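Data first, discussion second: the structure below is written as structure tokens.
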Amino acid sequence: MIEEKFDAIVVGAGMAGNAATLTLAQRGLKVLQLERGEYSGSKNVQGAILYADMLEKLVPDFREDAPLERHLVEQRFWMMDDNSHVGLHYRSEEFNEEKPNRYTIIRAQFDKWFSSKVKEAGATVLCETTVTELIQDAYGRVIGVRTDRAGGQIHADVVVLAEGVNGLLGTRAELRPRPKPENVALAVKEMHFLPRETIEARFNLKGDEGVVIEAAGTISRGMTGMGFIYANKECVSLGIGCLVSDFQKTGETPYGLLERFKSHPSVAPLIEGSEVKEYAAHLIPEGGFKAIPQLYGEGWVVVGDAAQLNNAIHREGSNLAMTSGRIAAEAIFQIKSRREPMTAKNLALYKAMLDESFVMKDMKKYKDMPALMHINSQNFFLTYPQLVSKAMQNFVRVDGTPKVEKEKRSLRAFVEARSWLGLFGDAFRIARAWR
Amino acid sequence: MSEPTKAPAASAGSRAATKKELPEHFKSYKHVWVFIEQERGQVHPVSWELMGAGRKLADKLNVELAAVVIGPEGESTAQAAAEAFCYGADLAYMVADPLLTDYRNEAYTKALTDVVNTYQPEILLLGATTLGRDLAGSVATTLLTGLTADCTELDVDTDGSLAATRPTFGGSLLCTIYTLNYRPQMATVRPRVMPMPERVEHPVGRIITHPLGLVEDDIVTKVLSFLPDRDSAKSNLAFADVVVAGGLGLGSPENFQLVRQLASVLGAEYGCSRPLVQKGWVTSDRQIGQTGKTIRPKLYIAAGISGAIQHRVGVEGSDLIVAINTDKNAPIFEFAHVGIVTDAIRLLPALTEAFRARLSPHSRDRIAS
Amino acid sequence: MHIVVCIKQVPDSAQIRVHPVTNTIMRQGVPTIINPYDLFALEAALALRDQHGGEVTVLTMGPPSAADSLRKALTFGADRAVLLTDRFFAGADTLATTYALATAIRKIGETFGAPDLVFTGKQTIDGDTAQVGPGVAKRLGLLQLTYVAKISALDLDNKTIEAERRSEGGVQILQTRLPCLITMLEATNEIRRGGMADALRAARAEVVTWSAKDAGVEDITKCGLRGSPTIVKRVFAPQARAEKATMVDFSDTPPADALIAELFKRQPKLETELATLARGY
């Protein structure tokens, strides 16, 4: 056993763990971070979009040396049926600002950079070290961790669990329940490498401009899920994710979905001729507000994906992870400054501070969304996209049918498929969940 | 060799610009030499392969091709020199001394460096064997000249310099390397990369002998003993006419037996891809590819091998490549000549039986009677 | 006893991509690793230290980021790490590399005690020459044992070492004098996993970082690009074969028969050749 004791141990070097460790080290605490991967980011999968604001709070001048891919100037939403998509595009020159708001990044590289900042701040970072167990005293207080290295027990005043969505430590120690299949999505992702110029031509970009496409519809075969395409400098990240419970129910395979998504006539030309690297699968917590577990206890706090802090509707995760990590660290610092122990009572400060932040406010706002999407997945992801597509085609195609007749036909198709009551019901439910 | 990592495209221009006139004292360096490698009285075939390549370079440069034979005094070394003439040498340099019976770096480095300094070749080729690489590294450093290792192609440029092409980045790229202002230009080539030239009966030509100039006490390293590879276990993979190999697609060490069975019916050697060695299913001397053996058989059958670039570079010289794979998009079909999309675990036994029936139709009867 | 182990940080060649159009290397996101062959050298050195006492110093020449590899070597249990980094070293070929490494090893000797043994890997996966080891030995005037599979005896009092060396067709058992340089053969051991104490020490250790000047390089023209007699003139992708594989159709014959028929159709002489071979066994 290691005699040395730390002020805090952070488990995990993802977005949440790095934010927490950085903040703790910046505040002068003696902190040890443990990561099972070969390096920070080596096990991390993300599309990925970085939200500048949350990172600025941690590393104000990050734009100077962080490995950023492209800043986003355009967002596309596609509603897809098997052969078509109906799209909404928003592009603005205003996104070409001095300090852009959103960037595409490659997590493996970004996390490595983030980790270098953590080390510079003075934290001790150990990779290739898996925490196997939380050490609890006779009263159930968490007092340290056990790892898979020889002689690898270490003690600390508080353990920050930033172990990601699957977080076995917390669930094994029964600090929180295992996430339910209907509360997690399984996403698969590939990186498609292409020459820079090809990407810029295909996505209508210049310089470091970037674009995001989010896609929903029949690509998820009636399951609750979404596809995404992000343009990076020399590669396109592309993936699709659906709820685990839906996969279980339908017997669809994530890989099968991804293959279909890639061969969709709207998608295939974007990645044609590319070289594929890195096929990866990862879970995303999508249970929303109602799935958030207990966030703190005697000698521990939980942050990021492990705490189910993820906004599925806006596809935000890393910013909630960073923010929860930072806030937990600030709470710990305050308690430490007051020379008080890391009891559940004191650590409740973390929850209180989080409630005041955008994190909990956003989570609360969409609290009914997951259930809604889930119950109505057939309509949202199969029926509507097909109807909308038919209606659009009907509208665009010139074939001698009088326009009045065309409109009637489209409307009839909608009503037949979902009945008036159903349509109103869906609209009402979405509005209420959004409000 | 230089590392192309540093900026391949840019370096070409900037570095070529550093080329100056060949320093005066190197201008007397002439002719192409091949180091004839012997170990325990046997000439390594790579030396003859290099004679073939060396002959072409010498003809292009309009210079002589010399064999450098270093070994113990006596029959075998003299015989090696005599053979060199049958493989195209115009002359031979010979250092024969009892101290050279076993390969030892100190003595061989001294012998080779001395002949180079005395007779001054412009090109010196060695096999990229354990002996060749051990020796080439020491000799090049002693002579302070450039050395391009593991070449796959040797040519003479318009200005007369040696253009040595070799794989880099694990075979995903090739690069051509020059030694511009230094002599000799040294290169090593792996066995079986160059084709074996035809042997033509030829009387012994000019032999120039050179003394070693060492006594045993000068040599620190002693050979305590030599354990030859046991013949039964020894793989002759690199020189086999037919090779059957298996990859991860076979799924288990038990299924790898299917590869051995087919090989045995064909009188072939068996080999494998790297993961099988890493998993401990097959011994490392059976690995084919960049970090294993290069093969050049008449027939190569690959079962359950995806055809990664590192594997590809080791088999590309085969006359006929047959790939068995369940995935019709497997990269191996890009360089195989004949492909079949099916389960190797089921095909291999059937293939073994079919070949057995076809190649020795009476074998069954004999067993029966 | 003091052992110096030379390790190199290399791009993981399995993950290198070549740009399909321009044939240049696409380096984005290619992770780096310790040259896998060097791990066998490092483990051999650590095992000798555990047995005979002493210290292991790991040395690398490379960019500042190569410190990651050194730190990893410390995690495995090495005692000290030296990073040789300077823009003058960039673009080195084997000859220039051996000059820099040999100079640094001399300096290590002066600073931390003369080494009894220097280890290198058999070869790197990027340069892949297997020449740096022999070159360093030559420059330092050390005896060299290449392709060593096993160190069978080490006598520090009499300064002798006995080792099994892989050679063509067999194994040589050699005896030589210390100090010497050993290039270690692959698959001869398995790198250990450092314990928590080693990992903690490594995470906090200072990597000794030397510029060319710090290392005592006297002649900068012998380093890097300028000190390299070889130059890379052209880098290009291997040519794709124009002809596609003939795919065997076995819709109406058993697959084995269909395949054999295709082979013999393609190369009619093959059947007799195979028959001759088969009989030989």
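Note that the chains take the letters A, B and C in the order they are written out, and that residue 1 is the start of every chain.
Following the convention adopted for this analysis, a contact is a pair of C-beta atoms (placed from the backbone, for glycine too) under 8 Å apart; a residue touches a chain by one contact, two chains touch by 3 or more.
Because the structure is predicted, anything quoted here is derived from the model rather than measured.
Novice: Along the graph of touching chains, what's the shortest path length in steps from chain A to chain B?
Specialist: The fewest steps needed to get from chain A to chain B is 2.
Novice: Tell me which chain's centre, taken as the mean of its C-alpha atoms, is farthest from chain B.
Specialist: Here the answer is chain A, farthest from chain B.
Novice: Where the CA atoms of chain A average out and where those of chain B average out, how many Å apart are those spots?
Specialist: Their C-alpha centroids are separated by 52 Å.
Novice: What whole-Å value do you get for the distance between chain A and chain C if each is reduced to the mean of its CA atoms?
Specialist: Whole-Å distance between the two chain centres: 40.
Novice: In whole angstrom, what separates the CA-based centres of chain B and chain C?
Specialist: 19
Novice: What residues in chain C touch two or more of the other chains?
Specialist: If we look for residues of chain C contacting two or more partner chains, we find 17.
Novice: Hey, what residues on chain A touch two or more of the other chains?
Specialist: Residues of chain A touching two or more partner chains: there are none.
Novice: Could you please specify the touching residues of chain A with respect to chain C in the complex?
Specialist: Interface residues on the chain A side: 2, 4, 38-39, 42, 106, 108-109, 124-126, 128-129, 147, 149-154, 191, 193, 195, 198, 233-235, 273, 275, 277.
Novice: With touch defined as at the start, can you tell me which chain C residues reach chain A in the complex?
Specialist: 15, 17, 19-22, 26, 28-29, 31, 68, 75, 193-197, 199-200, 203-204
Novice: Flag every residue of chain B that touches chain C in the complex, lowest number first.
Specialist: 1-6, 8-9, 11-12, 15-16, 18-19, 37, 39-40, 42, 44, 102-106, 109, 129-131, 133-134, 136-138, 140-142, 144-150, 163, 167-182, 220-229, 241-242, 264-268, 277, 284, 290-291, 298-299, 308, 310, 313, 319-320, 322-323, 328, 333-342, 347, 350-351, 353-355, 358-360
Novice: Within their complex, state which residues of chain C touch chain B.
Specialist: 11, 13-14, 16-18, 23-25, 90-95, 98, 125-135, 137-139, 143-147, 162, 166-177, 186-187, 225-226, 228-238, 240-241, 243-248, 250, 254-260, 262-263, 266-267, 270-271, 273-275, 277-281
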